[in-house]
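Shown next, in structure tokens, is the structure this report addresses.
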Amino acid sequence: MNNELYEILRYGILGGSILLILIGLYAALTKRSLIKIIIGLSIVDGGIHLLLIGIGYVKNGTAPIFSPGFENSTANMVDPVPQALVLTAIVIGFAVTAVALSLVIRLYRHHNTLEIDEIKNLKW
Amino acid sequence: MVGSPVLLIAIPLLAAFLIPLIGMIWKESVRLIPGLVLAFMLVSSASMLLYVTNNSTIIETIAGWQAPWGINLVFSPLTGFLATLMIFLGFIVWLFSYRFKRNVDFEPAKKYFIFLMMLVAGAVGIVITGDIFNQFVFIEITSISAYALTAFYTGRNSAEASFKYLLMGSLSSSALLIAIAIIYSQLGTLNMADIADKMYLMPTGYKITALIFFFMGIGIEAEIFPLNGWAPDAYTEAPGPIGAAFAGIVVKAGVYAMIRLVFTLFDIPNSMQFLVVIGLVTLIVAETSAIKQDKLKRMLAYSSIGQMGLVFVAFGIGTAEGVFAALFLMLNHAIIKPLLFLSGSYLVFNSKEKKISEVNGLGKHMPITSLLFALGAFAIVGLPPFSGFWSKLSVLTAAANEGMILIIALVLIVSVVEIVYYFRVVNRIYFFEKSDNVVVQKPRINAMIAMLILGSIILVIGFDPDIVSIYLHKASHDLMNTREYIDNVLSIGQSLTK
Amino acid sequence: MEMIYLILVLFLGGAVLTWLLGKISPIIRDILFISSVIIPTVLFFMNVEVGHDVSFQVLGYKLSWGISYLAYLFSYIVLGLGSLASVYAVAAMKGKKNLGFFYSNFILSIMSMMGILLSRDLISFFIFWEIMTWSSYLMVVFRGKDVQKVGIKYFVFSAIGAYAMLMAIVIVNSLTNSLLISDLVSSFGSFSLSMKWLIPLLLLIGFAVKSAMMPLHVWAPGAYSNSPMAFTSMFSGALSKMGVYGMIIVMVSLVSYIPNGFWLKETIAWLGGITAVGGTLWAVAQDDAKKLLAYSSVAQLGYIIVGIGIGTPLAMLSALFMAVMHAIFKGNLFLVVGAIERQTGTSNLTEVSGLIRKMPWTFISALFSIIALAGIPPLGGFVGKWMLYESLIGSNHYLLVIVVFFSSTAAFLYSYKFLFGFFLGQEEKEWSHIKEAPAMMVVPMMILAVATFVLGTFPGLVLNPIDNGLQELGFASTQGRYWEMSALFNEWGNQVMLQPLVYAIIAVFLFFAAFLTIKGFKHTRYVTTKDISSSGEVPKEHENLTFSQNFFQPFLRAVEPFMKRRIDTYYSGIGNGLEAIFDFTRRIYTGNGQTYALYAVIFIVVLLMFKNALFGL
Amino acid sequence: MKKLIVILLLAVTGYFMVISFMDLGKDGPVVKNGVKDFYLDKTVSELKVANTITSIVVNFRGFDTLGEVTVLFLAATALGGILYKKRHHVGERSVLFPSSTIVKAGSKLLFPAIILLGVYVFVHGHLSPGGGFQGGTIIATGFLLMLLAYDNFSVSHKVLSYIESFAGIFFVLFGLSGMFMGKTFLENFMPVGNLNDLFSGGIIPIIYILVGFKVAAELTGLIYTVLNEKE
């Protein structure tokens, strides 16, 4: 892979992750439906996971898996740690989303609406 | 070695997985096992605390890999002190809610106790872990338990409170992940001691950006000002004992994470001033918001936030004295605020709205509970000879020694506000006539014991604060000595920077 | 065990036991109560000596307890009045609810006052000060009347004062690294100029609140009249003296060393003078005896503050003497009102009259105290006031003399109103069943009445300890020559015994009184208020024609312009305004989860911008 | 109005993020010889695990995984708690219209294959890309497919919770047995074997299989709970 392509790919990953974070935040901050807010938060999570992967990327990197015959070639392996972290973060994000959705079901039962502006019995 | 810190995490996890199984056979076990686990944790943690106070810090490696590579648990005087405090409160909350309401079914009750136990385990994990990503995982464990506990009662607006909490908590975990990503990308390590050791290598711009994202992530847990909108709702709608657990356990863990960052990880002097400013803003906004509340628990929640602001101010003073004062404040707040929440939840037990006006004249009908509430109110506003006074005095002394006279004045003015709203409630309890439609609920014996334990601690610390000061001194020394922390953790393996 | 510890522990234990064991039976409770006041009192006077300090460490702060001569003087007030009031309280409060709570707070407040006097360092001083505040607060709200208004006002003002003090204390600690009062006094000279002003000012705010000085007095009337009278006697008599005690120490030991501190003294003196006038005028306007006495207390404390503010040895002597006298006669007057309220059910001067025949002993003790209050010889009030005038004139405060003199003359009006309203005037049928208060109440009142007489005749009894106290503060010893300091006594020379003269006057007075009484005995006719045979009008049934109705209307009309604006309204305006602001600011918690998320984003954006500004990219 | 503010804020945030994140990790960490080299080294030499990510997830940072499994367990429990009703209607799933026969038949056909794939993925977690989480998720997808296709397809909650609990308990017990054998928590105490053998890596594959079971059960339970929610 030549240098230019590598740069473009890297910028693509990082820029994409930032874009995802911003899109997610926009959804979470402006959409009025609870479901959409949760989707927004999930997008933010996705962006951050991409960011984590992006920082571990190295030029001409290969997956950090030692295939038979290549046991000693650690030189170009991408950083495995962010990948492990992302694995954990994805599961946690999933768990939080599940809880959030269940709360939305409860809220819908109670308020009969999904508009976040109308769910503010608790204030001040 | 007197014990193993990892058991403080592993045993509750084991129990949490076991309870659904045993609960199918023996129903009482779902209440009993968490108590036993918490008692075990308390004994183990307390004995380790005694050990580390007199000897060296306990460092436990996990999976056999030494400090910078594997995850390790650090049981130092500071973390041990906080962990013991949290476990103790968890035990008190368990004792209080051992039999909470008759109309709660078996299934929710089972989950309640699992979550309570995991809340404590998660908070203890936050405190004793030595790895920054591991801390993130424990924060999530604590948060999910907290969301579930907030939404425990189906009849109220609890889902709304829980959703707000979750919304903020979700942002918090995003911010934490970004911060962790920045740190890892620069330093290539996740171990706190290792990060602290190498922090000077990090470019200032990244350092501060990371710190800012950490502030946001942990600030949400630690309830600093613009990020604490969820807190009053969650405190109000959660079951009474859980409000106590939030005030005593969850927030303390957040505060710990924050100070660990500021004191150990990042060597940015301005962050101390930031702590002072943000603490003062939190203190003022929260206390002034509390004065016009008409719901008891909400008032207590705002007061709790305000106290956390004061804790941050005390930490922000930045001297060993300031840290001592802040830890003392945390200890007192962790004892007093749960007492207020627990006794307060009995005072408004049968009421639907949980209004302050419904506690009128209960002093005659539930004398001990009211007395304990009044004791808590007296202590939290810092009236001698109760424990709150000593911590407030320590904070002010520490601030005065640094010449922060304006801060002293502000803190004291806010204290007057605090006095106003607490005494309004106490007056209502004792000197008003009870209205007829309020049904008095006598506390159960286990709840009474739990509250009396807390009340007696307030008195004991109030009359002899030196009982705890040795641990606090050790802990503040521990926090101030970053180098010692790094050496302790990293000495068992060789440092990566050759 | 050190005697000081023992005394405080006995008080504390007594308070707890009275509350806990008091639930078993009232008799045990009463006995416990009285004995836990009396036993430590006896122990104190028998065993505690000046100059024997004990010290110990708490949280690294060095605390020290002991007693000074000045404090010893005040402990006479606290323990003497405390014992008498406690005996009185047992009888007066009989049958009321929640007595265990009342008694234990009573003991606690005595303990805290003793603690204040025993403290040789600022922290224990503050601790006991706060215990005194909240135990007295619980007494103020004890009857459940006006709790949120009067009680909160009292506590807020006390807290402001106490926190001002606390601020001074921690600053002192940071400057001298010690909390001992003696260290503060000795190193005060080395403080920077701003600290020299700040520390005494903050301390004075704390003491001024308790001694009800002018702009900080607004809690006093409500609090004094709201608590049970047995305690108000302590409250006004002894508790407010703690402020005086602190103020004396600050004024003499600290303010004297401030460059140009002279102005502070003048200001304090003038504030005292204004307090005296304002208190007196308001007292005249009251119809409720409790309120009347409460305002009168404020006024009397004003005189004391004038004395402290002037700061000459004679003024100090007079201030301290007046402090003792005020404790005795005002304590007694509150007891009198308590007795009347207990027997008749009201303390309103316009509702009850002609009690002189029903409650003669009460009348006599009230008479003594009122005479002392008004400053008429031969009772104790006169000595103090005379010395005050003299010190004012001696230090060229002529304007202040006029103010004080005006106020003390106006004090005659309310003294008269009090005495006349309750005891003289026509007798109503509906009050005919009233009897004298029980002996346990009358005896303490009579003891106090006799004390006013004794101290008026033998002022040296108190002036000796005062002299010791003043020496301790750094004034030259008068070596027993009090008479020489005051021109009054100089007139008759040092050798002339004052007592025979006084007795002669009294004998003549009594003789004439007896003569007139016997002479007029046959012709006396007792009428009710409705029996106005001399005038042509026929009163309606419900018209209130008591003698004290609309007392002093012309005078009040004359001073009305001065009394229009009450400081109270300003304070409540500030309070309400603040609460409105707080109510507004808490609306940032909008209740919308999305807004909270927005705050979080704003938070991070602001911080990132700060980062950019401070550190660059 | 609100949207404008948000866009403005996000623009600022985006600007800051771009200027501070775009160069993240460009030349690798400032500190060379970060933990990753150690991991890459030890994975082969000591643990004999081919997939470095697996070795990190299960061994080096195994404690995180334990926490993560707990998070999942808590989420499943929380879901049950939050959606708890006094009278629980099991099996009355709201179905707008039944699936077609093709979908039903196809699902039935695919289901075993999906399960098999999932099992393969988590059994070979230490050798090839994938592992317990991935495999568990794949298995859960199979159940999701069946639940969507057949409105009367039901999963036993009891069995799920047995699997969840036992998998969790064994995870912790494996960790603790490391301690009892005189080593540390979660440390490998079994023979590691040879690199790229199926039976290699000591306890790593065992734990990952446990994780796979747990995740599969947890996710299936989550899906099932939500699907059975009326309204």
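Each chain carries a letter (A, B, C and D) given by its place in the written order, and its residues are counted from 1.
The rule is simple: a contact is a pair of C-beta atoms (placed from the backbone, for glycine too) under 8 Å apart; a residue touches a chain by one contact, two chains touch by 3 or more.
Because the structure is a prediction, the values reported are computed rather than measured.
Asker: Looking at C-D and A-B, which one has the bigger number of contacting C-beta pairs?
Answerer: Output for the comparison: A-B.
Asker: Which chain is the middle one, judged by CA centres?
Answerer: Chain B is the most central one.
Asker: Any idea how many Å lie between the Cα centroids of subunit C and subunit D?
Answerer: 74
Asker: Cα centroid separation between subunit A and subunit B, in whole Å?
Answerer: The mean C-alpha positions of subunit A and subunit B differ by 29 Å.
Asker: Suppose each chain is reduced to the average of its Cα coordinates; what separation in Å results between subunit B and subunit D?
Answerer: Centre separation, subunit B to subunit D: 30 Å.
Asker: So what's the Cα centroid distance for subunit A and subunit C, whole Å?
Answerer: 69
Asker: Give the residues of subunit C touching no fewer than two other chains, as numbers and ranges.
Answerer: Correct list: 586, 589-591, 593-594, 597-598, 601-602, 604, 608, 617.
Asker: Identify all positions of subunit A at which a residue touches two or more other chains, and write them in rising order.
Answerer: 21, 25, 28-30, 37, 51, 55, 81, 88, 92, 95-96, 99, 103, 106, 119-122, 124
Asker: Where in subunit B do residues touch two or more of the other chains?
Answerer: Within subunit B, the residues that touch at least two other chains are 133, 137, 140, 144, 147-148, 151, 154, 159, 162-164, 167, 171, 181, 184-185, 190, 205, 209, 232-233, 289, 292.
Asker: Using the touch definition from the top, list the residues of subunit B that touch subunit C in their complex.
Answerer: Residues 163-164, 167-168, 171, 175, 204-205, 208-209, 212-213, 215-216, 219-220, 226-227, 229-230, 232-233, 270, 285, 288-289, 291-292, 378, 383-385, 389-390, 393-394, 396-397, 399-401, 403, 405, 408-409, 412-413, 415-417, 419-420, 423-424, 427, 430-432, 464-466, 469 of subunit B touch subunit C in their complex.
Asker: Touching residues of subunit D toward subunit A in the complex: what are they?
Answerer: Touching subunit A: residues 2-3, 6-7, 9-10, 13-14, 17-18, 21-22, 24-26, 28, 34-37, 39-41, 43-44, 50-53, 56-57, 61, 64-65, 68, 71-72, 74-76, 78-79, 82-83, 128-129, 131, 133, 195-196, 215, 222, 225-226, 229, 231 of subunit D.
Asker: Quick one: which bits of subunit D touch subunit B in the complex? Just the residue numbers, please.
Answerer: Where subunit D meets subunit B, its residues are 16, 20-21, 24-25, 28-36, 38-39, 42, 59-64, 66-68, 70-71, 73-75, 77-78, 80-82, 84-86, 158, 161-162, 164-166, 168-169, 172-173, 175-176, 178-179, 183-188.
Asker: Flag every residue of subunit C that touches subunit A in the complex, lowest number first.
Answerer: Against subunit A, subunit C makes touches at 586-587, 589-594, 597-598, 601.
Asker: Taking the touch rule as given, give the residues of subunit C at its contact with subunit D in the complex, in rising order.
Answerer: Interface residues on the subunit C side: 598, 601-602, 604-605, 608-609, 612, 617.
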